[in-house]
Amino acid sequence: MPRVLLIEDDPSVREGVELGLRRRGHEVRTAATGEAGLDALAEFRPDLLLLDLMLPGINGVQVCRRVRESSQLPIIMLTARGDDFDVVIGLEAGADDYIVKPARTEVIEARIRAVLRRIEEPAGGRAAVEFHGELAIDRAGLTVAKAGERIALAPSELKLLLHLTAAPEQVFSRQQLLEHVWEHSYHGDARLVDACVRRLRNKIEDTPGDPRYIQTLRGFGYRFGPLGPL
Amino acid sequence: MKACVTPDEDTGHEGRGGHAGQDGHGTTGRASGRRGRSPRLRPHPFGLRTRLVLAFLLVAAVGCGTTAALTYRAARNAILEQTQDTAVSAFREQIDALGTTLPIEPEMLRDTLMMVARQGKPRAWRVYAEYGTLRVSSTDRPTSSVITPELRARAADDEAVPHGSFQRVVKNGTPYLTIAVPAVFLARSAEGPPQRTGLVFYAVMELSEEEANIEAMVTAARDGALPALAVALIPALIAARGVLRPVRELRHAAHSMGRGRLDTRIHAKGSDELADLARTFNESAAELERSVAELRNAEARARRFASDVSHELRTPLAGMLAVTEVLDEDAGSLDSDTARAVRLISAETGKLAVLVEDLMEISRFDARAAELHTDEVDAADCVRKTLQQRHWTDPTQVVPYLTEGIRARLDPRRFDVVVANLVGNALRHGEAPVTVRLWAEGDQLVTEVADRGPGIHPDVLPHVFDRFYKADQARTRSAGSGLGLAITLENVRLHGGTVTAADDPEGGAVFTVRMPL
Amino acid sequence: MNSRAATTGHRRRAGGAAKPRRAAAVALLALLTPPALAGCGIQKSDVVEAGGAATLHVGPPVPEERLVLYFVGPDGRSMPVIRDLGRPFPDHTSPSGGSGEHVPTDVFGPGYEISRDDLNRGGIVTDKILAMLMAGPRANETAAGITSALPRAEGDTPTMLQASKGNASTGNPARRLVWVRTPFPVKKLSDAGVRQLVCTTAYAEHPAGLVDVSLSGPDGILPTARCDG
């Protein structure tokens, strides 16, 4: 069962969520502040971070950035308002998903599972490592290298890239990507996709403003390639 | 010239849809506000400017006309009086000196008359004398047809003291002055009263020259009055402009206020009535602005309060909701009363969470904080996913008739809420099967949700989109939050669309959403 | 502006204030226009009195030497004629004796001459003057339409009976009352005839005619009358 670190300042939420998750078999460690959370991170070595955005002291977004500096730990934000600008900031900072409070434990657990789930391998023997332009994608090892240099990708970024490259030049709508990559409903928040695409482009594109690998089809969605001659 | 009030061809039937009793069915949750213009009075056929100028000209014309008429009359009378007086006295003077016998001798008298005729004053006259049956004149005709019987009777009147008299006569368009002077004599002594001789002298004088003078005066008056009127037009226009400019400013200001610009003020200068009006307008506008600001503040405070309350409720709810599962799972192992209590708490916590969520959503709409994240999607897909996600897949419950292949630019999450709320509402209050239709009409995406229930009572119809409106007052709480249709309406409005509720003539309620593609 | 416009304007509006105002304007114009229009040019007028009569110089030049007889003009009004003292009638008028028409004479022969002195005395000369009156107008006078309203003289002529000194009964001490007796009935006389007798008598008796005259005939007495009243 995954080990979950919950950083949440409100004791009732902290206790409630901890209780719910523990009942479902998760190993849960809690922290009341960002600083305490960051300390616990090294010692507890969780599989996933549940992070409240509104924290006293250093807030959730800052915690998120600190974590991403050194690790590709899956991060799910807990937020009070789904429409918040904070959500966008948090997603830009590297969070993989978010949950709007209040939420039932089953919803939280479903999100945790979705983020942790490995992308399903398409059937049929494919080469372990695919090459797309300068990108080398190892589907088995779940690593991505650009020009021979390994790129650290957050779980959502990796899954998005794997999903897109599984069917190069096929257009996926945001809704489709939400369903397949995030296991959200069709009507989920498309900002998740957009933020993730932005982050991914920053990492793999030569010029993120003029993307080569992940292209936007206005009104339809995203696709990988075609790469064309350099 | 522009009338200050323009005709408004359409006096409007806005808001009528809100009263279902009028046209059988239909209420609108229309996003568009009231039309900017209210029905107006029919305009006066003449504008204020025209009327002002006309009034000015009328006054000028009356003034000119009256002055001219009075002057003319005075001058004419003066001319005539002078002529008459001169003629009468000259005539009498000349006769006074005459000598005659009684009875008269016609030949001698005729010579005398010829002499008098030559000395007409101020103009030539013809002289006649009548004595008994004798008629003597200075002309070749013994008497004049111009002399009226009245004049003769007056001259011969022996009841009164004998006196001269005159009369103006117009004959064949020519005015004449006729003078009659009876002659008296001193019978036997210079003392006693003069006695009539029976001899009457008449003089007839043409007044054509006087008439020419008078006509010249009329012409002069007319030639003077018309340019005067033309000149009066200039101050009239200036005055009209002076009055109308503030009026026009006032109109613009009022119009601007009507469109919500409450900080509109008029530049009030001077101390006339119009400036007073402008100042009054400004004061009223300021007062209005203040009141509206107060109202808005109060409203904003109320909304913020609702928003804050719901927000504060979320944190405890978040903790509670996370543990409801624990309660549900363990309820079986508790004694029955405790188990019921625990399940009640669990269930109500869930409902409370939904209610708070809906309240938050409404608060965002009220605060205009709701954002539209549009994406171009396949509309049929969108509806299908909504139904699938809610597990409304039983064809005896929900029957979709979706036109495939419509690409629509909308916020999928909000559209999902709209469809889900309408279908959920239909399932809750109407009867299955609920049909969901989707088609494009012009540049509009039409979504229609119809049920087979009893329909909406006409009293309820205008209120179906109200918040927490209870169709049945006896029912204290519905299964939903009571905000579903209100949120639906807000979401549709956010898309710039309309949602209407109506009764299907064949039974059941029909909700129709129209949104731009 | 006309009345039709005013009424349609009223029909169109709900408020009734426009009509009276407009009607007032129409009325104002209606009041002002006619005098302005009808006042043009020269109008005929009624007969207007203007000053006194003209006084003629009537010959003979000395008033005191005149005989004044009152006859009647064609219109029934008095027409005085003046005769010279003692001038024989045929001398002056056009000689028409040969025409065979009997021209009545006012000269009754010897004893009827009137001298200048007689005139100033009054009395008997009045009878003579009345006789001249009764004789009727002369030819040149009738030519001017002068007639007499008195009956033709049949021998007897009116005679002055008595001239009283002014007394209280007449109410005017300055005036004398002169009685004239006529041989013909006086009550049937026309007003013009009475005036002929009264005025001729008055001027015969007094240079300014300031006497009261009472006529009496066989049928009675007429009220006292004056010539200058």
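We call the chains A, B and C, going by the order they appear; numbering starts again at 1 in every chain.
Note that a residue touches a chain if its C-beta (ideal position, glycine included) is under 8 Å from a C-beta of that chain, and two chains touch if they have at least 3 such contacts.
What you see is a predicted model; the values in this text were computed from it and never measured.
S.K.: Taking the mean of all protein CA atoms as the centre, name the chain whose own CA mean is closest to it.
M.R.: Chain nearest the overall C-alpha centroid, as shown: B.
S.K.: Which chain maximises the distance between its CA centroid and that of chain A?
M.R.: C
S.K.: Provide the C-alpha centroid distance between chain A and chain B, rounded to the nearest whole angstrom.
M.R.: 66
S.K.: Per the centroid of Cα atoms for each chain, what is the distance between chain B and chain C, given in Å?
M.R.: Roughly 79 Å separates the two chain centres.
S.K.: Roughly how many whole angstrom separate the Cα centroids of chain A and chain C?
M.R.: So the centroids are 145 Å from each other.
S.K.: Spell out the part of chain B that touches chain A in their complex, as residue ranges.
M.R.: 311, 314-326, 329, 350, 353, 356, 360, 364, 369-371, 373, 375-378, 381-382, 385-386, 389, 407, 409, 412-413, 415-416
S.K.: In their shared complex, at which residues does chain C touch chain B?
M.R.: Touching chain B from chain C are residues 9, 12-13, 25, 28, 32, 35-36, 39-59, 63-64, 66, 68, 73-75, 77-82, 140-141, 143-146, 203, 206-210, 228.
S.K.: Any idea which chain A residues touch chain B in the complex?
M.R.: Spelled out, the residues of chain A in touch with chain B are 10, 12-17, 19-20, 23, 80-81, 83, 101-106, 108, 173-175, 185-191, 219-220.
S.K.: Quick check: in the complex, which residue numbers of chain B touch chain C?
M.R.: Interface residues on the chain B side: 42, 45, 58, 62, 65-66, 68-69, 72-73, 76, 80, 84-85, 88-89, 92, 95-105, 131-134, 148, 150-151, 154, 156, 158, 161-170, 175, 179, 181-199, 201, 207, 210-211, 214-215, 218.
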